[in-house]
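Take a look at these structures.
Two complexes are shown next, each including subunit A; its partner changes from subunit B in the first to subunit C in the second.
What follows is the complex of A and B.
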């Protein structure tokens, strides 16, 4: 009995240690970013560093200052807010198109039988293995010849290439989880196929739609390679290339770098926190059926 | 059928066609920005890539990097998942923050770890120095090997929480009866983990491993920000080599050839992983 309680105590201590390690592992890098973002430049260059932020908002201030001046961007931090704006437009377009295209195709693959209706979804999941690097050369050549580089349309098209297949796969598994009797009952009540989809099944698949929208938004927002290669001009720059210019060891403006990083990561971090159950469920929708 | 058309069109036009097209490019001599039409060179690009002195070292580095990322992600992810699989106060909060690192882009990851490992002002050196563990600041990015380890740590950091969530989801499906039966048969916690839990969640382990593998092969932004492939070519992975060949040396055909070889290496490694994880699991189940 005594050995049992001692064993249980040991388990609890061990678990507390592992959980503490996990929390530190996850949160420390964020703390280090926040620390330097909220420290004045001179304080950030002290060795060894201060461990408590001095609550100096100078870095954020200098990022936002350029948004309200009409002067052309002169240093990398001036591109952060325009980058966020451009990326927001692109990512919202990508998310909306993924929801529309993905839910239509997902419904078709879940409900109808036609040549390829079985193996095409598997192929779409498999396409996730294709590294985006294999796509970036052809996209550059094609979009360049169509004069669609440095345009919103071009980059949205490029982002659709690697988001749509996964969205179709995810929506298919969500629709497959809705009993077909729902469709039949609605048809008996006089709905057309289209009405069944639009009025009855689609509202039931709302968790799937949220997952697909969020996921494709995040993929588009976080893309660096295509944004770098396709939208290289300053006024079409997206957020990831915009902040990539902040890493300049010689300038030693670590506060601005950290503040820009946090601003760029804020949208996806908030979305992920708010909607984590949708994301996890959506991303695991294929697991176990592979 | 008609409803699937937009998706099929997108997939064929934006995925299948570019893939075929980039294969076509890889068989030609094509320079970015030149007006001359592409010249057919057959497999010359591939032979020149494979015989390049950069090729084998980059391939080896890429594979080692990927293996390290997969192993680290699985080990830490499994440890954390096992801890979170038990009831304790505050568990849902811990689970909540887990998603945060996964939501970051590779660029934000690179900037964050570039700052933490900054050799002069970074908090890691400062902390190690304050704790008395080092008496001189360490130049983390001066040696290629250490720089690669730092980048692998950054990757593992961003992948572990997500791996934990996936593995935790799988752990919760392991039937309690199996564990009870094994306990009655006298199996300790370690044996129960290897012979009951692990075979049961094998598919999820495989998914996590393959996801980590794909991500490790796509490590590009980290190199772009942190090392530029150097010192020398010591941190040049295939992805970085392909990018610089295509977009810095403007040699599209050769760049495309590198990307195809990289894809091939990734598919082989993914198949090996699948074989190792599910093959061995099946044997164990049969035994």
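What follows is the complex of A and C.
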């Protein structure tokens, strides 16, 4: 019995060690980010590092001060807040359009038979195998000829092109998991096709909608390549190029870089935290046995 | 109320013909059962009546009005599905009320109707629950309540009892019949279970291969099957079917054996003789047509005796206290006027007028 207790204790200790190691692995970089962001410039590069931040808000101050001045941006750090704002507009548009297009196309692919209804979803999934880098130049050429570079519309179109196929595929599998009798019962109850979709089936696919919205928001928010190539103007820059713009050969400001990165990571982190609750609840209450 | 009429209705999926130009009249206020094995086209026929499937050809009329081009929500039909198909994210109350809400009925009227339907089906205490918190029988009653709450003219039921256990199924047969009497609508009920069809229907439409095989009240179907398929499909144990030929003396003869059928009329080659188990008489001893008892099932109310004859096994339904035992030698006879004869080629029943009054034993 003593051996059993000792064995169990050992398991618990081991488990705790593994969990701690994993947590450190995930959280330590974040902690270091926080540390650098909240440490004065002179202290931030010390060896060994200070493990307790000096609570110096200078980096955040220099990011935010431009927001309250009417002067045109003069430093790279002045572009962080406009970048967040621009990225928010783009990512929200991309997420909303993904949900709308993904659910409507996904429903059509899941429920209707038409020429290509089997083939096209496979093609869409296949398109995900093409490296995104391969699309940058063609997109630049096309959007430039349409005068859509340096514009929110252009970047939204680019982001849609590599998020929508996945969203359609995902929504299609969600709808396919809902028994077709539910659609039929709704039609008998008096729904038009459109009402079947938005009053009956769409609420059942809520976990899918949240996943698709979240996924496409994050892809759009985290995109660096397209945001860099398709935009050359400072006032329409997105957040990821804005952060990379902080990297300056003449003057290394790690504090401002860290602070900017933290601000950039905040929206996606919050979004993930909030929607996670809905996601879990949705999965347990939605598509059950009918 | 609505009478339903199908005129030359066909359904084709690609190259496959599922329903082949059927004509059907369903009386206003009747309980009509579409009966047949799986894949016979009965559910497709029901779906064409509901509007869930489009017809490939032909007309469907409700009270003389053509409706085959209308979508389901314009046909005023209610339907109960085999899987019940309740909306999983809505409560029982919301499930039942949904159709009324779509029609923008005032809230107090909806409340009243839902209450009424719930009372009729004895599910009042379940109104606040979600479908997943209900047993199969309860879900089934919710599905029925959802159908009746709209007071439609036509009720379509697609194997509504097949997911229930035997006891509940027997109860619901009675319940459904009573419900129909109370509501008075036209019920069209699809099943592959012939005993369900026999016990509930005013009219049974037997289908096979996309064609209506026979359309008759249950007892007619049992007593005067129109063809060999219906004869074999309706009744348990199934009708004994033996192939041979009919002489003009009414003697049905096979290879080296014969049995009198009581039929008089022209001789006929290639005939199938059909005899229901309760119309087979067995007597002890050997004769021209004798066989050996293979098995006796004593079921309490009756005994089922399976006898091996030269032409195959014959199932007889006898007295539960029958003396026959496995291995006994018996001869077979047919009760007077109870032999059915079918053309072996077409499967159609030979005209009944040829039947004589007397039957004899071998």
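Quick note on the criterion: the second predicted complex is superposed on the first by the 259 of 290 C-alpha atoms of A that agree within 3 Å, B and C clash if a C-alpha of one lies under 4 Å from a C-alpha of the other, contacts with A are read in each partner's own complex, and residues count from 1 in each chain.
Assume a contact is a pair of C-beta atoms (placed from the backbone, for glycine too) under 8 Å apart; a residue touches a chain by one contact, two chains touch by 3 or more.
This is a predicted model, so every value here is computed, not measured.
Counting residues of subunit A touched by each partner, subunit B versus subunit C, the larger count belongs to B.
In the superposed pair of complexes, A:269 makes contact with subunit B only, with no contact to subunit C. In the superposition on chain A, contact is made by A:127 with subunit B only, not with subunit C. In the superposed model, A:10 makes contact with neither subunit B nor subunit C. Of the two partner chains placed by superposition, only subunit C is touched by A:189; subunit B is not.
Contacts of A:102 after superposition: subunit B is touched, whereas subunit C is not reached. By the touch criterion stated above, A:18 is placed in contact with subunit B alone, subunit C being left untouched.
In the superposed model, A:246 makes contact with subunit B only, not with subunit C.
Of the two partner chains placed by the overlay, neither subunit B nor subunit C lies in contact with A:146.
Taken together, the two complexes place residues 286-288, 290 of subunit A in contact with subunit B and also with subunit C. Contact residues on subunit C toward subunit A in their complex (touch as defined above): 50-52, 71-73, 77-79, 81-89, 98-99, 102-103, 130-132, 146, 150. On the subunit A side of its complex with subunit C, the touching residues are 179, 181-182, 184-192, 195, 200, 203-204, 285-290. Within the complex formed with subunit A, the residues of subunit B that make contact are 1-4, 6-8, 10-11, 14-15, 17-19, 21-22, 25, 32, 76, 79-80, 82-84, 86, 88, 94, 96-108, 110-116, 118, 120-121, 123, 125-127, 129-130, 137, 157, 160-161, 164-166, 169-170, 203-204, 206-207, 214, 217-218, 220-221, 224-226, 239, 242-243, 246-247, 252, 255-256, 259-260, 262-263, 266-267, 270. Those residues of subunit A that touch subunit B in the complex are listed here as 15, 18-19, 22-23, 25-27, 29-30, 32-33, 35-36, 44-49, 100-102, 104-105, 107-109, 112, 114, 117, 120, 124, 127-142, 157-158, 160-162, 164-165, 168, 197, 218, 221-225, 229, 240-241, 243-244, 246-247, 249, 252, 254, 257-258, 260-261, 264-265, 268-269, 271-273, 276, 279-280, 283-284, 286-288, 290.
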